[in-house]
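Labels run A, B, C and D following the written order; every chain starts at residue 1.
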Amino acid sequence: MSEIRVTVWNEFVHEKTNETVKELYPDGMHEAIAGYLRQQPGLSVRTATLDEPEQGLSEEVLADTDVLTWWGHTAHDKVQDEIVDRIQARILEGMGLIVLHSGHMSKIFRRMMGTGCTLKWREAAEKERLWVVNPAHPITQGLGPYIELPHTEMYGEYFDIPELDELIFISWFEGGEVFRSGATWRRGRGKIFYFRPGHETYPIYHNPEVLKVIDNAVRWAAFAGNTEAVVGRCDCVQPLEQELQSKGV
Amino acid sequence: MSEIRVTVWNEFVHEKTNETVKELYPDGMHEAIAGYLRQQPGLSVRTATLDEPEQGLSEEVLADTDVLTWWGHTAHDKVQDEIVDRIQARILEGMGLIVLHSGHMSKIFRRMMGTGCTLKWREAAEKERLWVVNPAHPITQGLGPYIELPHTEMYGEYFDIPELDELIFISWFEGGEVFRSGATWRRGRGKIFYFRPGHETYPIYHNPEVLKVIDNAVRWAAFAGNTEAVVGRCDCVQPLEQELQSKGV
Amino acid sequence: MSEIRVTVWNEFVHEKTNETVKELYPDGMHEAIAGYLRQQPGLSVRTATLDEPEQGLSEEVLADTDVLTWWGHTAHDKVQDEIVDRIQARILEGMGLIVLHSGHMSKIFRRMMGTGCTLKWREAAEKERLWVVNPAHPITQGLGPYIELPHTEMYGEYFDIPELDELIFISWFEGGEVFRSGATWRRGRGKIFYFRPGHETYPIYHNPEVLKVIDNAVRWAAFAGNTEAVVGRCDCVQPLEQELQSKGV
Amino acid sequence: MSEIRVTVWNEFVHEKTNETVKELYPDGMHEAIAGYLRQQPGLSVRTATLDEPEQGLSEEVLADTDVLTWWGHTAHDKVQDEIVDRIQARILEGMGLIVLHSGHMSKIFRRMMGTGCTLKWREAAEKERLWVVNPAHPITQGLGPYIELPHTEMYGEYFDIPELDELIFISWFEGGEVFRSGATWRRGRGKIFYFRPGHETYPIYHNPEVLKVIDNAVRWAAFAGNTEAVVGRCDCVQPLEQELQSKGV
């Protein structure tokens, strides 16, 4: 099998404007994630950010991407609609999408979901425990029965997402809430994974278990399906059965 | 229980421009559907069409609608984006949506699905048989094991929809294709049903079994859920647990 | 619509042997549940217990039952296999089943699920909060965004159930665990709901929100589907299409 | 990755008693399937049949099996219940199961499903076309938009299975029926795939596309999940949170 081509996208704003974030992620969260993935076998990793030409996601880059990971928070509305159209088309064609943390409100995630993707939240540096609820799933490979994070931003239900295809993790929060923290959806030929952890003011993307989940998810999301079933256009077709043809309809 | 308020929307174009369609539906397909529903108990029915003010779907009309049925084909792109935004918001709030036939390419259905909703098609007046595959579902109540339609437009797989919550009908076509012809999805507090039959040049909306399905679907789609779980905004919340509060974080 | 016929089944053992349980439920947990349901409109309610003839579930009783609720704990293995066969057949035919708390290890629930239905547990009288995660579902009607129970037995993930059709509630526990506490599955024409709360040493079945959920679930689980699609036997059938018949195969 | 250990099980009865079947499969259907799989990379393949000691499925064989394929028809009731218990336990632990054609009525499939698994059928050597309805799924890799089989036994809806996790193929039959011909379910750590084609009197297991699907399914069903989340027993656990411990409950 050839290498999986991963593009790690980050809006890359907080890291340039907030000292805490800059200290945690001097080269940006995308480099923390990409740096880890580059050390794993079988992956070919690039990064892309909002302030690059075409917001880092030209037709060429997307055509050359098997799996796109997405982190955004403060600049969701700066992502151009035509770029969102382009990403959606590429997902339906077979590109995987991994949406991280505050990416739940990104244009591309809300486009793919069809819902508002709203939730409850609180910044209180509280404890989170993500419980594995699907032990057959490759995204959970190599983990314990749960992942514990000492200090996180809380996200609580109701999380306004469509019925998911597979629920992978449920979070417990110190303050009393729960959250569906890892979930998958198929859209066309593409596979989507949402993974909750990742606030910019905590060292979440230095946590080896969080990074392991992202690595697992990249491999799960890479296309390995059917290229002949038509996606993306409405073809007018002749009948396959002769009897109908012979009726001359 | 109070009456279910139904709004039957139709783009109402073919009926004014095509003689065959005009003969089948002299008052428009919306009147064929609404006329039937008005005779059923417990429903309050109105119609709305594209050429009315605000395309028939003002804030007031939507606020006064429990279930919206949708037929469109040739004028999908004439539906204004802000009307689509409005319908989507109302669905997430709890309005039911029933999408008929060529409505699969409508802006509102594609918005709610997040996919292209493309399919194969053919107009050969061929036979279709819709098999019930979920006999516990109220949408199938009062039907036989299948519905047979002597002359229909064919829609064939691959139908580019998200994984459905419930598959209700699978169609067999004379020419050799199959189709997922009845399916449901939940989005926020709203329930969505797609139902395939209904081409404008066949008397599909005069068929009593097709009309029975629409009646069943209206009753299923009317909101009867929870109004307290927050949908539509991201609230910042205080912890429910005192221990976290007392840490002063 | 005629009345929904409910049978509230209880093994009725702890209430006769344990003083705490006897005080909480002097007539048995079944009477606490049935007593509440009898006050709700449109229900016809009976009870059944393990020590009755045919363990309370004769063919006649089951044929006369639209929805069966189940509580068992210490006497699961005393339920006869032929009674379990009988209940399963009746569910596939269209009877609803509501399984409460420790009923997760009952023969009938494990039969319908095909899995072990194991979980983690702890008796520490801790706080539980059941969050609504499906606000469109009729089982959540009339509740707040969550149900809070001050003292409960803990059930924690991994809960070994099949992928559920609909996830309704997720529980948060004081001790650090989460649980899928309300879930639905369809089996044949029957609908199944598992609802976690209910330990015998706490007054859970005197809690109005818990009872409201059971009432909602009874109405949701009552059959309202299709009686013509064949369930329960493999029929050899003639082809519907003449062309195949005429080939003389 | 080490080799996937496949056990191809066959009741192996028709091939010894029916001349047509014997000619098509002189060494049994299991050898047709196993012979093909042995030529594919990364698989270690054995066969097992009903008349072997412990019906070919000792504890040792199952412990040494990653994926079990199952063909049975006339001798379902000869499979011992304790062997079925053993297979079920091994599936929940992580073994994959691929059930072929008439295996829909096998004890192990019905055990895992919880339903009757009944269907309509007809032997008329008619045409079948299996349409791909999930083009992202690895089981569909390398196929066209459909598989066409010139002469097959018909299986028609209603097929009494639980809601499936993933629908992969829908069949069209010449005589007018449809069928959910390829579907997946997760049970515990194990993955299950049902695949319809395969009647003993047609050369279905010599068809390269059918064999390709079985190969794909074997790779998909091999365990690659989480070994730490507990499956198979109910553990009593201490609270993870200190606050609860300190209450002394």
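As a convention for this text, a contact is a pair of C-beta atoms (placed from the backbone, for glycine too) under 8 Å apart; a residue touches a chain by one contact, two chains touch by 3 or more.
Predicted, not measured: the structure shown is a model, and the values here were computed from it.
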item	value
Chains touching both chain B and chain D, listed by label	A, C
Distance from chain D to chain A - Cα centre to Cα centre, in angstrom	32
Centre-of-Cα separation between chain B and chain A, whole angstrom	29
Chain centre separation (chain A, chain C; CA means) in Å	36
Contacts with 2+ other chains: residues of chain D	129, 132-133, 135, 145, 156-158, 163, 165-166, 176-177, 186, 188, 229-231, 240, 243
Category of the chain touch graph - line, ring, star, complete, other	complete
In the complex, chain C residues that touch chain A	129, 131-133, 135, 145, 156-159, 163, 166-167, 170-173, 176-178, 180, 243
Chain B - residues contacting chain A, complex	88, 92, 105, 111-116, 118-122, 124-126, 154, 156-158, 160, 162-163, 165, 174-177, 185-188, 229-241, 243-244, 249
Interfacial residue positions of chain A with respect to chain D in the complex	94, 129, 132-138, 140-145, 165-166, 186, 188-191, 223-231, 240
